[in-house]
Amino acid sequence: MEKINLTIDNINVEVDKGTTIYKAAKKAGIDIPVLCYLNLEHLNIENRPGGCRICVVEVEGRKNLAPSCSTECTQGMVVKTHTLRVLNARKTVLELILSDHPAACLTCSSSGQCDLQDLSQKMGIREIHAVENAKVSTYRKDASPALNRDMDKCIMCRRCETICNDVQTVGALSGINRGFMSVVAPAFEQDLEDSPCTFCGQCVAVCPTGALTPFDDTNRVIRALADPKKTVIVQTAPAVRAALGEEFGMEPGTLVTGKMVAALRTLGFDKVFDTDFAADLTIMEEGTELLGRLTKFLAGDKDVKLPILTSCCPAWVNFFEHNYTDMLDVPSTARSPQQMFGAIAKTYFADMMKVKREDLVVVSVMPCLAKKYECERDEFKVDGNPDVDYSISTRELARLIKAANINFKALPDEDYDNPMGESTGAGVIFGVTGGVIEAAVRTAYELHTGKKLQKIDFEELRGLEGIRMATIDFDGIPINIGIAHQLGNARKLLDGIRSGMYNFHAIEIMACPGGCIGGAGQPLHHGDSNIIRARFDAIYREDAGKPIRKSHENPYIVKLYEEFLGHPMSEKAHHLLHTHYFEKHKI
Amino acid sequence: MSTTFKIQESHIKTIHDICDSFNNDPGELINVLHKCQGEFGYLPEDVQREIASKMKISVAKVYGVVSFYSFFTMTPKGRHAISVCMGTACYVRGAEKVVDEFKSQLSIKVGGVTEDGKFSLDCLRCVGACGLAPVVLIGEKVYGRVEPHQVKDILAEYND
Amino acid sequence: MAQYKMHLLVCGGTGCRASQSEEIIKNLNTEIKNLGLENDAQVVTTGCFGFCEKGPIVKIVPDNTFYTQVKPEDCEEIVREHILKGRKVTRLLYEDPETHKHVEDSKHMGFYQKQLRIALRNCGFIDPENIDEYIARDGYAAIAKIFESMTPQQAIDEIKKSGLRGRGGGGFPTGLKWEIASKNSADQKYVVCNADEGDPGAFMDRSILEGDPHSVIEAMAICGYCIGATKGLVYIRAEYPLAIKRLQTAIKQAREYGLLGNDIMDSGFDFDIELKYGAGAFVCGEETSLIHSMEGLRGEPTVKPPFPAEKGYKGKPTNVNNVETFANVPVIYLKGADWYNKIGTEKSKGTKVFALAGKINNVGLIEVPMGITLREVIFEIGGGIKNGKKFKAVQTGGPSGGCLTEKHLDTPIDFDNLIASGSMMGSGGMIVMDEDDCMVSMAKFYLEFTVEESCGKCAPCRIGNKRLHEILEKICAGKGTEDDLEYLENLSKVIKDTSLCGLGQTSPNPVLSTLENFYDEYLSHVKERRCIAGSCKALKLYTIISDKCTGCTACTRACPVGAITGEKRQPHVIDADKCIRCGACYDKCKFTAIHVQ
Amino acid sequence: MNKIKSLDDLRKMKQSLEHGMNIREKSNSPESLVQIRVAMATCGIAAGARTVMNTLIEKIEKEKIPAVVTQGGCMGYCYAEPTIEVKVPGKDPVVFGNVDSKVAIEIVDKYIVNGELIDGVIPTNYQTINEQK
């Protein structure tokens, strides 16, 4: 690799050819502020339109200032990152951006987590020139079940557009209009619900301002908790415990399972359960379905649809309902753990507690925004009453805890309630890419071969590469497995299957980077992919520390089948735990 | 923004033929939009949806392109489309006053259509007839050296 | 073959067609037939003569008679008198604005005397829809010569030696640009002709394409040969239907003659050209935006490097030149780089086409050698300021340029001098302004354009220009402050310094250059609330000169807001606070008693 | 349509085509050419000026003489029609009267090519073409 030598603020730096000034400066320990630039290195996600012009620097011999995020270093380059000219330019440009941004920080849901706000604090903006009579660009507002769009607050960083198109290949958003009125929006500024949006929420996860925010369900939860007639129970998704601590200043990757349970109890939830329990249940159903299809296939049945696709991720479900309408019979019919939990809670558990369905409120805490949409799907309601009433995100939970004045860090560790709080390591790893399929393999292998696994950890299924493939030996039968996270990678995999390029038996897909740990409901990563990496490691630590690590060994699952469901894929299970898919062809 | 345009089978065929003639190549989107606008007079939502679906581009992207370029329009023009050149040469020779006169005569804004759908009023960039500044185009017809007091007579030419 | 004694060249450019030149051609032909002169005179539709002010133009050769503002009904007289009897139709001859004498032939018109037509050499001379006429004028001889005797590198060297610089605005050396593209190897490269002329008030590219499309085709093929590209694309404004039609015809004819297509002239070199249409976005004049637009995307620019020469259309090395640049290329090979090199100034060689417009007598398209002074252009070629008014400024470079004033009149025009004077060459728009033009309003006009044409990708251009425009509006409305002037300057400089592409990097130029040259005018707007030129409506002050007022009450009745009061047959007064400056009283007063300040 | 295959092809083509364009090319630089103006008013036409003009055009074309033939109005020598005015670069214009085809060829051969004066010159105080009117 050719090396380039340059000086930045009088520091000599040597970098590889092709390195940008921004990265070279970082290497030299110089921090250049950025706004539109986003680089999640572990995940191959980059947004670099060079549009905000905040990261400009002075390069000797160049007429105008250079955007450091997208200017490559050249041999002998002399760069100055904080001359008066640079500082004046940055400040003036930031003032301009603020002059077209509503001054509503006090009530903005992104306040305190907003990159724009941070930057104006850092740069000491205290007044905005020319704001008198200045026109502010305003747009149609939209509130979908999963997220709110208030593009008056958009600064045209284009991160959401990049994510929606280049990373997720959903194509719900595009830059529209021109000049001062340009903004990112769905076609015709229509509602997201009328667009091919999957509600994966990754646009929200990268938005540097309050333009894209999660739909806020906290008030509804508070109202339910305050209602003495209601029994309110909560389930927490696997990925939440690996990230919630960040909201309270803890190191990324800190596991806060026990504190979270304690906090939820303090908040007044009648029972604190674990979605991991439902994940184990999912494995029983999905694993059985996989084995069924596999057995038929191996027996030569030509009608059987393979590969089986996981169906836990609601954004992924939306994605294939929009884009792969010809393959609707391929994914597993198993409902997601959130919905299995809801269905069991409002039948089995409600009976057990002798609570009427309508008096039982099921709340879920999810790393995800699509879950908000999922629990509103009609097929998951009984006479209009949803199996899961409200889904709040990790960040919303953090807000509830803060609003209730709970000193989270000082909370003791507490355990989940039973029966739906017991889970296995297999349930935990549902939170990362590769986890669902690994959990399924752990169970399917043992059920299929009748043998005990020698080694529970399937390292070959783990990792953060966008598409991974592995072959697992099922006692002489090679089972081909494909894994993709982020919908763009899923598309590649699916297209490969459609064209016959790939030959898989089972495929796991998660819509978000790294899986649920990188979900849009999680604490914001602000462009630091190390955070996602840390959560990833935490999930596997939690798994390794669990006494039981295979779903079919979860005693409460065994009990659930004995007492209520009968056996996996039974008629009752089918009714409560399985679903079907709809064609939602939209461009 | 939504219009009364209802897409019909024959329209779909026209759109598909146009897309096919450009091999459904997304790189030809702008040429396709030109042809479709030539066909329908404007680019209503349904036409954009059909183009997007045929060419396998997201409709958001199609709309992104349509809303970027000033040549494309989503509102139908009047039967007589009035365009006043606002190039520099016309501007310095008083095009603004001519526009104002059209606006007050027709009681519409720039970009608007009269209620009876007879006239629409737009400004455009240089048509290159700077020698005739200020220039007004009505349909294909060019009026040169237009003065505000002539506007009334010009409009009268279009009495049906 | 009939040997015509006379050719009647009729301008078929957009401007003249707008004033019925097609009808004129029809009538001339009918009359020639009526008089049985078919073998004596031939009517030829040509491209633009440049003298658009007096269009439609009919020029008769060989005696160079130049008829202006010809009407269809004049045709009979032209044929009967001039063609049949040899008597010129004096009333249609060009009248010199100074001497008021009719000028017999175009050789003696001030408009043409100082011009040197290289890029426009065939415009107004040949029938652009007839490839034979182009070939008769050494068309395609340049490329034939190159095939016969030059390697691509030698051909590039010739352009480098000629000193030709890009005519689209930036002035980048063309030969060097070609060389860079030639050195980037790829399985496919592209030659792109930028014909998305967006500068309001500039129409040279359109005129060239309408008047001499083959020279552009030939030059593109030469460029293809030089850089190793087999595909050419012309990105052309959809608003130019005639140019599109002529170009399509020319491409078809060139293909029929084997001058485009595979194995051109047995050289083994393949080249063909395809059209891509613009759709009304000024920013697409910027190379990277243009390329994105050709790819079917929004015309937003991307950061350079990578330059198109490395990564352009479809990610392949692409050379982009504008129409006028290409139009210069074939002549350079025919007459030699040394010949070309002798024209112009030290660093700007050759000629430049300007679109002369505004408050000037001879509006039109001119081509002059680099180094000519503004004075020569405005007062000799342009025939001076209209209606005997006083020259105030000339705006060059369109929305990206600046104003030049009296003190610049004797500066030789070239790329570098214009930049040093705070303006730029741009595509060659030249708008002349007189004492009635308010320079603050002028800056506002250009900013309004930039605001509308900014793509919106980068913050300084998207928001900054909007704010500049708002401040200028505020000043024109009489609400500005001196602080505003200071902020205007700082903001302008930051926009230039931080914008992503050429549009934003130059858009504040009209503000900066008027601030520099006409600071007093800004000051009088903000301090005295006065517009010296009298063009800012809000700053007009209407008063009644009591000596002249007869108290007829006509003004009182005309005033829509009841701002005028007074007794009958007594002098009236205008309440300045109520007055909305509509001017109704001024129009109504028969005694010129209304004074406007 | 035959394709152009070489520089030679192109040259040949150009030669056959430039004929038609000559008249325009010549108008580009009339001052360096011999300018012949044929008086073409009613009297001139009646006296056969049109034939004379055709003869002149054919003759200079044949002899490849750098000359341009234009037509003008009546020069006022109606008694001597057809009249033609010849202006050789660097010399004063000369008017010839009673020119028929034969004389026309003689004017070209003798006066224009060899610079010899011939009979039929109308002596005038006449200035130059361009200063007329």
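Each chain gets a letter, A, B, C and D, in the order it is written, and its residues are counted from 1.
What we mean here is this: a residue touches a chain if its C-beta (ideal position, glycine included) is under 8 Å from a C-beta of that chain, and two chains touch if they have at least 3 such contacts.
Bear in mind that the values here come from a model prediction, so they are computed numbers and not experimental data.
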{"item": "Chain separated most widely from chain D, comparing mean CA positions", "value": "A"}
{"item": "Gap in Å, rounded to a whole number, between the CA centres of chain D and chain B", "value": "54"}
{"item": "Averaged-CA centre spacing for the pair chain D and chain C, given as whole angstrom", "value": "39"}
{"item": "Chain B-chain C separation of Cα centroids, rounded to whole Å", "value": "23"}
{"item": "Geometric centre distance via CA averages, chain C-chain A, whole Å", "value": "54"}
{"item": "Residues of chain D engaged with two or more neighbouring chains", "value": "none"}
{"item": "Sequence positions of chain A contacting 2 or more other chains", "value": "175, 177-178"}
{"item": "Of all residues in chain C, the ones touching two or more other chains", "value": "281, 298, 452, 455"}
{"item": "Each pair of chains that touches, named by its two labels", "value": "A-B, A-C, B-C, C-D"}
{"item": "Chain C-facing residues of chain A, complex", "value": "49-54, 56, 64-65, 67, 70-72, 85, 88-89, 92-93, 96-97, 99-100, 129-130, 133-135, 155-156, 175, 177-182"}
{"item": "Parts of chain C lying in touch with chain B, wherever the complex brings them together", "value": "14-15, 18-19, 51-55, 198-203, 206-207, 238-240, 276-282, 293-299, 314, 355, 357-359, 363-364, 395, 398, 429, 431, 433, 437, 445-446, 452, 455"}
{"item": "Complex interface listing, chain B residues touching chain A", "value": "1-2, 45, 48-49, 52-53, 57-64, 67-70"}
{"item": "Chain D residues touching chain C - in the complex, by the definition given at the top", "value": "1, 3-7, 9-11, 13-14, 17-21, 23-27, 30-31, 38-42, 44-45, 53-54, 57-58, 61, 68-74, 130, 133"}
{"item": "Residues of chain B touching chain C in the complex", "value": "25-31, 33-34, 57, 61, 64-65, 68-72, 86-89, 91-93, 124-133, 135, 142, 144"}
